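Before anything else, here is the set of structures, which you'll find just below.
You will see chain A twice below: alongside chain B first, and alongside chain C after that.
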Partner chain A sequence: MKTTKPLIISLVVILVLLFLSLLVIGRFEISVSDITAMINALFSGKAVTGELVSKQLVFCWIRLPRCLMAILVGMGLSVSGAVYQALFRNPLVSPDILGVAAGCTFGAALGLVLPGDNFSLIYILSLIFGLLAVAMTVGIARLISVKPVIVLVLAGMVILSFFNALLMVLKYFSDPYDELPSIVFWIMGSLSRVTWNDILIIGPVVGVGLIFFLLLRFRLNILSLGDVQSKSLGINPSSFRLILIVTSSFIVALTVATCGQICWIGLIIPHMARTLVGPDHKRMLPVTALLGAIFLLAADGAARSISAAEIPVGIITALTGAPVFAFLLYKNRGSGWV
Partner chain B sequence: MPVFPDPDAPLLPSSDIVFKEMRYLDKITTSYLQMFMTICGMLLIVTFLPRQGWSETRTLEDMAGRSVTLSGPVERIVTTFKPATLSVFALGLQGKIVGIDSSAKHDRLFKAMLPTVADLPGVGTKSRGINFETLVSLSPDLVILYAQKDGIELAQRLAVMKIPSIIILPESFASVKTSLQIIAQATGVTERATEVSTLMDDILQKIEKKTNRISYDNRKTGYFVSPRGLFSTATGNMLQDDMFNRAGIINVAHDLRGYFQDISPEQFVAWNPDLVILSQHLHQQIVKRLNNPALKMVNAVAQKTVYRFPCDLAPWDFPSPLAVLGTLWLAHKSYPELFQDLDIKKEVDDFHFHLFGKTLSEMHGKLNDRVYW
Partner chain C sequence: MGVILKCRTLGFKYGKTQILENVSFEIESGLFYAILGKNGSGKTTLLHCLNGILQPDRGSIEIEKQNIATMSRKQVARQVSLVPQEHLEVFPFTVLDVVVMGRAPFLKMTQVPSNNDYRLALEALKTLASENLAQANFNRISGGERQIALLASALVQTTKIMLLDEPTNHLDFNNQYRLLSKIKELCRTRGTSVIATMHDPNMAILYADRVIMVKDGRIVVKGRTEKVMTTTNINTLYETQTVAISTIGNKNFFLPESAVAASNMME
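Let's look at the complex of A and B:
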């Protein structure tokens, strides 16, 4: 059996190097010596002075949380995508298939339109509607309870369309000069809004979620064989599927509530991992998580550093992701994975 | 064949003949007089009536470079976006509006000027799309369209329906004035457009007379926050850049191109503007992002020189004649020592009176530029 350890170690090294190099790249000049001075000051207990004060604030409150968030969101979205693809036995499934992203976006837009100054309202409503979308999808699927996998995907499409329609209604009735621009801005995915509060919420959820998925990786392998095989191997597919869907949807909902919709990560990263290490989730999940983190970290680094105007990260992920996906389709033609 | 005059013929014509002759001459004189009067009347019509915009066939070029021919009076106007509606109101043509951009129906300024504005049919908006059937059903003589999105396509479709339309692109003070002139040419109120342009120029000259004295090195830097969000700003191609420049402020995003551009929070800190000016339309919740400790060291945030465009009646950071008041307020807020003698409330009231026939106070408008975060 092919070992994945060297690959995982290489990916970890790449991720760490990329993370460290992106800490000194950005529109605000912070050099390696500045960071060394900050670390020295931290350990010696002395307060930083002069220009270093502003550099430290930018480093600690803008750049560091943003880079960490890129890693967390990259891992979260890509692993959720891998889990969805395994559960639905469909390589074209991505995290927003159950209407999670649509529900979250509608919640955020509603929070922007509702009166009041409470910023967390946007966050809370986004999360609530994201999870409500999953609950509705699962509810419809359970109500029909025929061919559960296909029905679940179809129910997801119904809910996706429903929340997209609600969002359009909201956009239609919102003030085009006041509310509409902020809704459009929110929908467009970006990591520029990230704060430490977001890290404190998303960090533990993504961390626990990843551990949970890694613990259940053998069951994911069995579930991806289909319900009949799963039952014959002593697994209740319905309950496991529900637990895994809720966990991955929760991760997706949190990321959309914080960063808006970031496309392609959940779809192409699992495929890249599968190409590198095969379909076994034991090996594939850690590779997926690392590749997702590297991909989004690099994309966001480019988005915020290339020019004075920030390039939407979605453009970079789509521009790089689409050709990679097309190449993978070509490379794996006839191999049975599509 | 008689060679000599008839000796029996009377020496003087009979009274019948005289009366007949007189009637004939009178008839001729009356005809000439009538003809003369008709010519004078026609000359009067040719001289004066086209200025009232009703009879002459006229061709003008709109801001998309299209040649538009209008014949007959313009009595039914439809506007499709707010700057067009503001321009029409500034030209005093609000009574001729038969259809309006839907967002303007509940605008406080328009309501104050035209109480029935909410009852006018809404034709849609630039951002959400125009309902073409509603537009055509209003049988307009003139539709004022935008240059972006589907504006040009709509104009082409209207041309097929024989409905004249003009496209305007107000994105600087010069283009705001050009927009007014084009609408005025189409509707026959060119004198009013000149009046409004002069009003605008007067205010701008008043500002620049003072701000031109500030050397480049002593000018404050400013950052405009667009309605999209805190890290979305106006580029060098936009009206807000023109406003900053005339108010003696250097727009930190001047080198960016296009419409509103997103920037990273790091770029905002790197620019370190002295002033942060929020769009009147910015959502209040978004301002709370200024609480980020890294942003607190930005000059404007640290010194609390973060202001919102102040008028609650109509936007001043918008392409319309009112933008000159936005510029006046900007200059006054940025360099109070230079504008000590300026009574901004009076200036605002006077401008509104000359533009709309009512002062801001009479229209129950208030000024408030404070921002809390």
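Let's look at the complex of A and C:
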């Protein structure tokens, strides 16, 4: 059997190096010596002085949480994507198939349009509508209850278009000079608003979710064989599906509520991992998580340093994701799924 | 030898269509059962009811005196395995990966197969003389090879009852007989009961100890192969005219009259 240890170790090394280098890269210049000065000050108990004060502010409250968030969101979205692809036996499924992201986006837009400038309202509405969308999808699928997988996907399409339509209504009636641009910018996805509070919420959720998925790695293999096979191998596919959908939808809803829609990660990263180490989730899930973290960290680094004005990271992931996906399709031709 | 499975007055509806009606039979351990019937007669539905994939509307199925409606999926999977007709993976698993999944009923929720499980999987492939397939991509092998791999997966499930849905469907001339002989050997050596749906009555005559004939969701005839495989019964089952064409030992083999006529026309 192939061992994935060397690959995983090298991915971890790349991730750490990228993380450290992105801490010093950015429009606001913070050098390595500044960081060591800050750490020295921290341990010696002395207060920082002069220029270092603003540098410390940027470093501790903006750049560090932002880089950590890129890692968390990258891992969360890509692993949720891998789980969805196994559950729906479809390599073209991404985490927003059940309408999570559409619901979240509508919720956030509603929060932006509603009077008052309360950021936590936007967050809460986004989360509520995202989870509501999934609940509606699952509910409709339950009502129909034949061919569970296909019905879930179709119900997801219904809910997705419904929330997209609601979003259009909001856009149409919103103020074109103030509200509309903020809705559009929000939809494009960005890590620029990240705070330590977000990390404290998303960190544990992504962490617990990843451990949960990793523990069920062999069950995911079996679920990807389909309902008849899963049942005859002693697994109840519908209850597993529900638990896994709830967990991953929660992860996706939280990330969309904080960072907006960051496309493509949930679709292409699992494919990359599968191309590298094969479809067995035991090997593929850890690689997916690491690749997702590296990809989003790099994309966010580019988003904030390519031009003078920050580019939404969603644009970067879409621009790089599309050609990468085309390449993966070409590379995997004839392996059975295309 | 004893009764291992009892199927009592089974009924199954799909929507409003009655697929199975009043189906009752008993399965003894160590015997090979063939289910014969026309296309759409309810053979596959019956198999899927027997391991609880489908829930019957009426009647009950008991395995070793326990009603499967009261058993967990895992408990059923330790007693009954299923080899489906045709199966295409979405993801490019290796054959060994697919075979080792047969160990699932013996693993805890969060466990992954151990080296021993992989060893058992490889052994099962060896039993079927197909260990060369182990590292092949399951999606790129032929339909027949896939059937062999799925049979190996059912073997590592080590169940007392094996359900086969048209096991020789995709196999070549030689492999059909090789595989069925192997399965028959398992019945005798391991005491496994095999229930296989089949299309070719002559295959049933060669390998089955008992035959169950299903027509429009009902059992028309069941019993010892040599007793029930008569021209009259086969004619009723397939609504055609057949003739006994030749005899090997004390076994008669059959062909439809139309085929015999066509063959005579050639001369």
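Everything below uses one rule, namely that the second predicted complex is superposed on the first by the 337 of 338 C-alpha atoms of A that agree within 3 Å, B and C clash if a C-alpha of one lies under 4 Å from a C-alpha of the other, contacts with A are read in each partner's own complex, and residues count from 1 in each chain.
The rule is simple: a contact is a pair of C-beta atoms (placed from the backbone, for glycine too) under 8 Å apart; a residue touches a chain by one contact, two chains touch by 3 or more.
The shown structure was predicted, so the numbers you read here are calculated from the model rather than taken from an experiment.
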> Touch check for A:90: first (chain B), second (chain C), both, or neither?
Replying inline: second
> Taking the superposition as given, does A:312 touch the first partner, chain B, the second, chain C, both, or neither?
Replying inline: first
>> According to the stated criteria, A:224 is in contact with first (chain B), second (chain C), both, or neither; which is it?
In response: second
> After superposition on the shared chain, which partner residues are touched by A:211: those of chain B (first), chain C (second), both, or neither?
Replying inline: neither
>> For A:246 in the superposed arrangement: first (chain B), second (chain C), both or neither?
In response: neither
>> Under the stated touch criterion, which partner chain does A:279 make contact with: chain B (first), chain C (second), both, or neither?
In response: second
>> Let me test your reading of the model: by the given contact rule, A:39 touches which partner, first (chain B), second (chain C), both or neither?
In response: neither
> Who wins on chain A residues touched, chain B or chain C?
Replying inline: B
>> Which residues of chain B touch chain A once you look at their complex with the stated criterion?
In response: 82, 103, 125-128, 226-229, 231-232, 253, 255-256, 260-267, 269-270, 281-286, 288-289, 292-297, 315
>> For the complex, give me every residue of chain A touching chain C.
In response: 1, 86, 89-91, 215-219, 221-222, 224-226, 228-229, 231-236, 274, 278-280, 282, 332, 334-337
> Which positions of chain C touch chain A when the two form their complex?
Replying inline: 48, 51-53, 72-78, 80-82, 84, 87-94, 97-98, 101-102, 104-105, 107, 109-113, 118, 137-140, 157
> What does chain A use to touch chain B in their complex?
Replying inline: 26-29, 53-54, 57-58, 60-63, 112, 116-119, 121-122, 171-172, 175-182, 184-186, 190, 192-193, 195, 303-304, 308-310, 312
